[in-house]
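Right, I'll just put the structure down here and ask away after.
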Amino acid sequence: MNSTQDAHFDHISQQFNVELDDIRTQLMNMGGMIEQQLQDAMQSLKKGDSSSAYAAIKMDDDINKLEMSINDQCARIIARRQPAASDLRFIIAISKAITDLERTGDEIKRVAANIIKLVEEGATEISASEIRNIAKSVSGMISDSLTAFARYDVELAYAVVKRDEEVDEEYKTAMRALVTRMMEEPRSIATSMNVIWILRSLERVGDHAQNIAQHLVYLVKGIDVSHATAEEMQATIDK
Amino acid sequence: MNSTQDAHFDHISQQFNVELDDIRTQLMNMGGMIEQQLQDAMQSLKKGDSSSAYAAIKMDDDINKLEMSINDQCARIIARRQPAASDLRFIIAISKAITDLERTGDEIKRVAANIIKLVEEGATEISASEIRNIAKSVSGMISDSLTAFARYDVELAYAVVKRDEEVDEEYKTAMRALVTRMMEEPRSIATSMNVIWILRSLERVGDHAQNIAQHLVYLVKGIDVSHATAEEMQATIDK
Amino acid sequence: MSNMNKEKNLSTSQNIENRAIPAHTIGEVFVDKPRMTARNVDVYYDDKCAIQDVTIDIGAQQVISFIGPSGCGKSTFLRCLNRMNDTIDTCRISGEIKIDNDNIYDPNIDVVSLRARVGMVFQKPNPFPKTIYDNIAYGPRIHGLANNKSELDDIVEHSLERAGLWNEVKDRLDKPGTGLSGGQQQRLCIARAIAVSPEVILMDEPCSALDPIATAKVEELIYELRNQYTIVIVTHSMQQAARVSDRTAYFHLGKLVEVGETKEIFINPKHELTQDYITGRFG
Amino acid sequence: MSNMNKEKNLSTSQNIENRAIPAHTIGEVFVDKPRMTARNVDVYYDDKCAIQDVTIDIGAQQVISFIGPSGCGKSTFLRCLNRMNDTIDTCRISGEIKIDNDNIYDPNIDVVSLRARVGMVFQKPNPFPKTIYDNIAYGPRIHGLANNKSELDDIVEHSLERAGLWNEVKDRLDKPGTGLSGGQQQRLCIARAIAVSPEVILMDEPCSALDPIATAKVEELIYELRNQYTIVIVTHSMQQAARVSDRTAYFHLGKLVEVGETKEIFINPKHELTQDYITGRFG
Amino acid sequence: MTDSRGRLSPQEAAKRVAATLGRRGSSEKRFRYLGVAAISTALMFLVLLFSGILSNGLPGMFQHYVTLEVYLDKERMDPQGDMSAASLYAGDSGKIVNESVLKALGEPKGRMAKKAARSIMSSASDQRLAQFAVANPELIGQTVPVKFALDDDIDSFMRGFISRETPQSERRINDQVITYVDRLNEAGLISYEISDYLFFGSASRNAEIAGIKGALIGSILTLAVCLVIAFPLGVATAVYLEEIAPKNRFTEIIEININNLAAVPSVVFGIMGLAIFIVAFGMPRSIPLVGGVVLALMTLPTIIISSRAAIRAVPPSIRDAALGIGASRMQTIFHHVIPLAMPGMLTGTIIGMAQALGETAPLLMIGMVAFIVDVPTGVVEPATALPVQIFMWADFAERMFIQKTSAAIIVLLAFLITMNAAAIVLRKKLERRW
Amino acid sequence: MSISSLALYVLVIGMMYFYVGQRTSLEQRANGDVRLHSLPHYYGLWTGLLSALPAFILLVIFAVGDDIVFAQMVKQYYPAAVLEQDVAQQTIAFARVMNVVDGIRFGNPEQWVLDAGAAWITWQATSEMLMSVIVLAVALGGGLIGYRQIAPDFRSRNGVERIILWGLVASSTVAILTTVGIVLSVLFESIRFFQLIPPQDFILGLEWNPQFEGAERAGSGNGEATYGMLPMFVGTLLISTVALTVAVPVGLFSAIYLAEYATPRVRSVVKPLLEILAGVPTVVYGFFAALTVAPFVRSAGEAIGLEVASESALAAGLVMGVMIIPFISSLSDDVINAVPQSLRDAAYGLGSTKSETVRQVVLPAALPGIVAAVILAVSRAIGETMIVVMAAGLAANLSFNPLDAVTTVTSQIVTILVGDQEFESAKTLSAFALALMLIIITLALNFFALQIVKKYREQYD
């Protein structure tokens, strides 16, 4: 059967409902923190001021803690509630999703670190628009994948997966541009490397968002699509 | 209590023992495949022949499938066996470890892809020793982390974590050398970038090995050390 | 799987009719190698319908478990499979139940020989107040399965061995079976059922009177026995169904709602009712 | 936590002695706000030692569950807590059990008033064969808790409400309590226990006679009640202990082996015996 | 044959099973027939017993009366002239009855004839006339029809037990009498009616006027004493033993005693009653008080045992429930256990009382077998009891006593069946299922 | 005051105290915020019981005790001559005094008798006075003590419950007293009997001829009185055997059929019908045996050329057999039903037929219970009196032939003890000796049966 959003919140055990809801809320919080973190990093880039990038780095700690806490809660639910069927898939999907979110946090932390370097070198202008474009895209992906999670919306999840392909294209284009640039201006290599790391990390963020979307599909459809192509995924969704 | 290796194989339910053992074996297989994959990739680099690198890329598919299969088995065990205590931690640790292994596979696939480019460009000599060094290190880390898993050996796990610090150093040194080289020889930038991606991926492989070692500590000690420093981890192990 | 079967049997109209799955049932109703087949089975107690239009295959050498809320008719259906319901005057059954193509409600089938083919193990361990040996030997004796004492000894030994009880009781075969612990008693009852070489063993909540450790042992035994017997188990514990069975059937208000691989049912059930029951969402 | 307590109470030698944890017990034996405390409790049936040197705190407004293999003395210890063991002639108890600092084995304590403070709910739902109303009203009547009919009505209504049963039975308060379903009966029994406003409610395997759905409802009720009552529950189902309790105590062969936060016990038990029991590893 | 040692293949097993089916089927049938035969035998005995009793007893409820025109001569009926009962009983009713019967037979002459005529009438006819006069004083001085019992031999003759064909010397009534009876019969004076003597008469050696009233009241008084003593004692003992008694020697002794008492033959209770109450305490013989006490002691085990069973049938969970909310032991017992066990206790008591009602031997021992004509009015007055009455009558040779005995048995059985039915109804009605 | 009116007064006083006690505690509860230890009515009960109970006990002591005391006191009036005489004469003397007390005069009593009578009457008056005063004082005083104890923390419930407890204990000792009574009464007389007749003669004697009218009528000779009990025990054995031969198969198979085969409807009809057989008084069976069965047996026997006594062991045994059918069938039915259904299920589940299940599973499991039922039936048969008295005759033949007339222990006891008898004669005393033997045997049987039942119970509990 297709799980629906509310399906998790009508157990006989109210406490179970509360626990599941709690986890979901925390997942959303984590997502919110990630978005904030990315925004902070981008803010630095935009303003040429490293302080918010530092905040972004610092935020990673909180995200890590949140991940550990959710992990802990998932373990607790498995031990205490013996979840089955959609509840079990919920726990599994959540626990995979937070791993991805945590890694996203790590990537953004790297983004922030590299932005700080750019800021310190006063080189925030280099590829700023590419970075911003990609950052916007992946930020949207993260946000969409979490929305999909909140709404059990597999269509939206599919959209996220599709969108990752675009981001990859953007990334490749930006990359090519940067390599060209490095060749042209060997002086800027160090700076360009920073940008490359930033882009690369953002691309990874997109990948993680895609993973999260795939976890949702598993949650709703019960089928693991983590290594499926977009078409296979479409087929699963339509089932 | 401290779990010992055999603790997982004396349930009243033989079937449960078999299932757990199965998962562990598959984890080891997966580790073996990863090692093989890395070796293949390196083989290409050494021989300047891309065929084994292609094999490494192809192997990623099998690794993905194995990951899905283990994931599936973990879900099944949670649903069917209601694992608790060490069994539960075992399942959780395994399921995290295979995620890391799968990502390791992805990274090695990237390494292989970049090696193919190097081979095609006939640039296998660039930084080959650095690459080989790091590859050797991370391969050892992977192997050690899995051995630790097989033996419930937290000391070895700690060694893996410590070793990652060395790899990071090596990586940074190699990186710096490469950037210098790019500046000196802008022509080699494209090739150098390949090497950079290889190094970067290998470094990530080391990180994943470290993660696996941390999962083992969770399994044995029941404490999540994924974001702990080496010292904190040491304290946990000594508990 | 069901498709394959469909083709194989398309020849006779009887079989085509048989293949009609009731609208209220979803999942893998048919199996490749069925040992027993139930087709459109209804059971009434007086005018009360306890089982409604159940169609299901019970696969050979498999464990299938029946789960469902209290009073949904699990036990009723189970007891139809070896006609234990004959002892209830008010009970009427329609539809068709076959074992290896013999209709068990055929007037020519002797219920005695049916029950020798389809053994039963009950909720509460119920050893006879006789020695352990006599408990096991009872079935072979009444059915004349052993030609002499040494054959009987063999049957007893092997039944106990297969029930994993031989080592625990071999030194006290002449002690009363009622002196064993609950879990041992239940394994004794299983050994007793095995001793008449049944094809199918039915078990109605066989662990509900046991503590967790004894339960684990009996479950382990059940799981092992499926290599040689077809086993049907009714259980209140969903976890138990998940642990021991290859397939699981979910009953609801007398209807078979869903049946399929245990793994599927417990991770990814198709029917909303199954999902609700398994995840604890009733009422 | 235990450390804090230790310091706080270091002043009196009595308390220091009390704080000695038996060597065989590990985990968080003491809590911040204990409602009941047991210190070095031994229980004998004739010469058979059923409980050996149990020291444990039962925290106020918490659910604590006792688990352990069959015959390990869970029920025995539970029944010591409201002196239900007094009815067994051969049962002797030594050590000290206090509720809110009153020693319950003090000769001056009237066992009747003790049992009004420490209520009990049993394994099988056991409503009196009276009306639902009279079932609840019985306790308040014998203890003279209500001065008039309307007070009594209030008590009945509130008890049923708190037991989550009011809506189901409010229209048939004058029907016999035995006519309810098993799960409802068990909730009725809980309501009956609540009606005398106890501080502690002891439950001995309260769900073992119920089906999964009724069990879920009773568990839910238990979990909710902990806001107002201290609850001690003995259960054979480890899963149930995991679900309902804040703390869990593991008994083995009459000894309290480990006690601690339920989460800790079920994910990361410290004692090998606990670990083995919880993971199903007994011989 | 076996796929591995000790395991037949299912096919082989099925074959062997099939080989046994025929033999087992017929053995099944045989066994069943044995059961049916046993039950039929038992029921046949029952039918025999009851048909025997009923066939004798129903006629025993009736007897033959003759209605005579009687002139109630005031002078002779009421010698003292004050119309008091004493005076009326002292009157010469006998003569008047004789005259009436002679008149009805057309004034036969001769001593033998007169004697024959008189022998038709019951010897208690004078008493009956006196009673009639006491009941209807206003009729004194008139000639009125009065119904009298026939002598028991005549009654037997009317019923056909004495055959005309038997030679005169071998039958109890002579030809002369038979002629007179025929004459009365032809005149329509003889009627066959429900016997009022049976129900309202007292003990008598004259079969036609013997009745069970005294014995019945004696039985009732005895039972009342028995109930008053046995029920409270029985219930209290049962409660003590089941609910309170610790497992110690004292309890054990009591239990053994009760079981032993249940096994002691009833006649021994009689002996004890005789030795203790009558010889040692010097109480009078034949009184319902002693009879009641003896029967009470005898039924005590029955009541205790059934009460204990009833108490034990109250599930322990109910006690736990009560104790668990703080009821004391006595509250638990009085609020829950006793009310729930009461139907069982009452049933046991009724059954015990029924036993006591039918019991004869101990009453024989304490002298309730005496020939007592007066109807007892209290528990310390001499009395007899219904079964004892039956026992005595059964010993009498007169033909009519056989029927009277059977009739008395019917009355006794009617009581017993009523009591047992009451017990069954009670059990059905109050029985609870947990 | 007479005893009954005094009892009434005590009752009224007790009830008054009950109300007062309850009221007081109710008030205490109403106007203080104290919690009463017990419910108000316990305080009432406590005061009421404290008032009435001791008073009643005193009353009983007075009522029973005074005569006994007076009987001792009156002895001082007896002339020395009377005091020297034996017990019987003293009894007569006492009776004469009592006649005076009751106002009955036979002839001219001696002066000492009149004096004694007068003294007795004064004592009686004094004692009645004393009794009234003391009892009423105790009733009032006891209640007052109880009343003064009323306080919130006074544990009146515990007090009341203790009183009830002692009441229950007292009740349960009645069984002991009865047994003691039986044993003593039988034992003492038996000892006296054995002083006259040596025990070995009694126990091993082959001839029973106690010289009484019944025996003469039965034609057992006029020789010297002999008291050998064996003929009666053989008779008892014979009749019991016949009875069991009838009752065991019929009862057992009926039970099996009812428990295992009969439909609920048949069962609901047949079972009560069979139980009617148990409810029929033995005197009725006796009548039936004497009237119908004995003549039938006799004519049937003669029809096939057998010599049958008119009151044969066979007739009595047959009827006794019918009587104990329901014992065996009911008890067996119970034990068969007590065999857990799960055992039957187990057997059916293995493919047993019904009769196999019954014979191989149910009956073996129920066997101890069935044996116990049979033994109980035997002890019942041995103790049975009336059937034998009425149908088996009184001839103490030492015979194992069921067609002979025999007699049994119980019927001899009855025959000896019915009617007036001198208590000193060996004949009368022999009845007690017989009763002693009877008790010993039935108790032994019963003990045996109970052991079996106990063991059987343990199997399933």
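First chain written, first letter: the chains are A, B, C, D, E and F, and each begins at residue 1.
One rule holds in what follows: a residue touches a chain if its C-beta (ideal position, glycine included) is under 8 Å from a C-beta of that chain, and two chains touch if they have at least 3 such contacts.
On a predicted model such as this, the values are computed, not experimentally measured, just so you know.
Common partners of subunit B and subunit E, by the touch rule above, are C, D.
Residue numbering at the subunit C/subunit D interface overlaps substantially, since over half of the positions present are found in both copies. Chain geometry summary: the mean Cα position of subunit B and that of subunit D are 50 Å apart. The distance from the centre of subunit B to the centre of subunit F, with each centre set as the mean of the Cα atoms, comes to 93 Å. Each of residues 11-13, 75, 79, 82-85, 88-89 in subunit B touches at least two other chains. Contacts with at least two other chains are made by residues 112-113, 116, 142-143, 196, 213, 216, 238-239, 242, 266-267, 280, 282-283 of subunit C. Shared interface positions of subunit F, defined as residues touching 2 or more other chains, are 157-158, 351, 353, 356. Chain pairs that touch one another, listed by label: A-B, A-C, A-D, B-C, B-D, C-D, C-E, C-F, D-E, D-F, E-F. Those residues of subunit B lying in contact with subunit D across their complex are 1, 3, 7, 10-13, 16, 82-89, 222.
Of all residues in subunit A, those touching subunit D in their complex are 11-15, 75-76, 79-82.
Residues 110, 112, 142, 144 of subunit D are the ones touching subunit F in the complex.
Across the complex, subunit C is touched by residues 263, 340, 342-343, 345-353, 356, 360-361, 364-365, 459 of subunit F.
Within the complex formed with subunit F, the subunit E residues making contact are 17, 24-25, 27-28, 30-32, 34-39, 41-43, 45-46, 48-49, 52-53, 56, 232-233, 236-237, 239-241, 244-245, 253-254, 257-272, 274-276, 279-280, 297, 300-301, 304, 328-330, 354, 357-361, 364-365, 367, 369, 387-388, 390-391, 394, 402, 405-406, 409, 412-413, 416-417, 420, 424.
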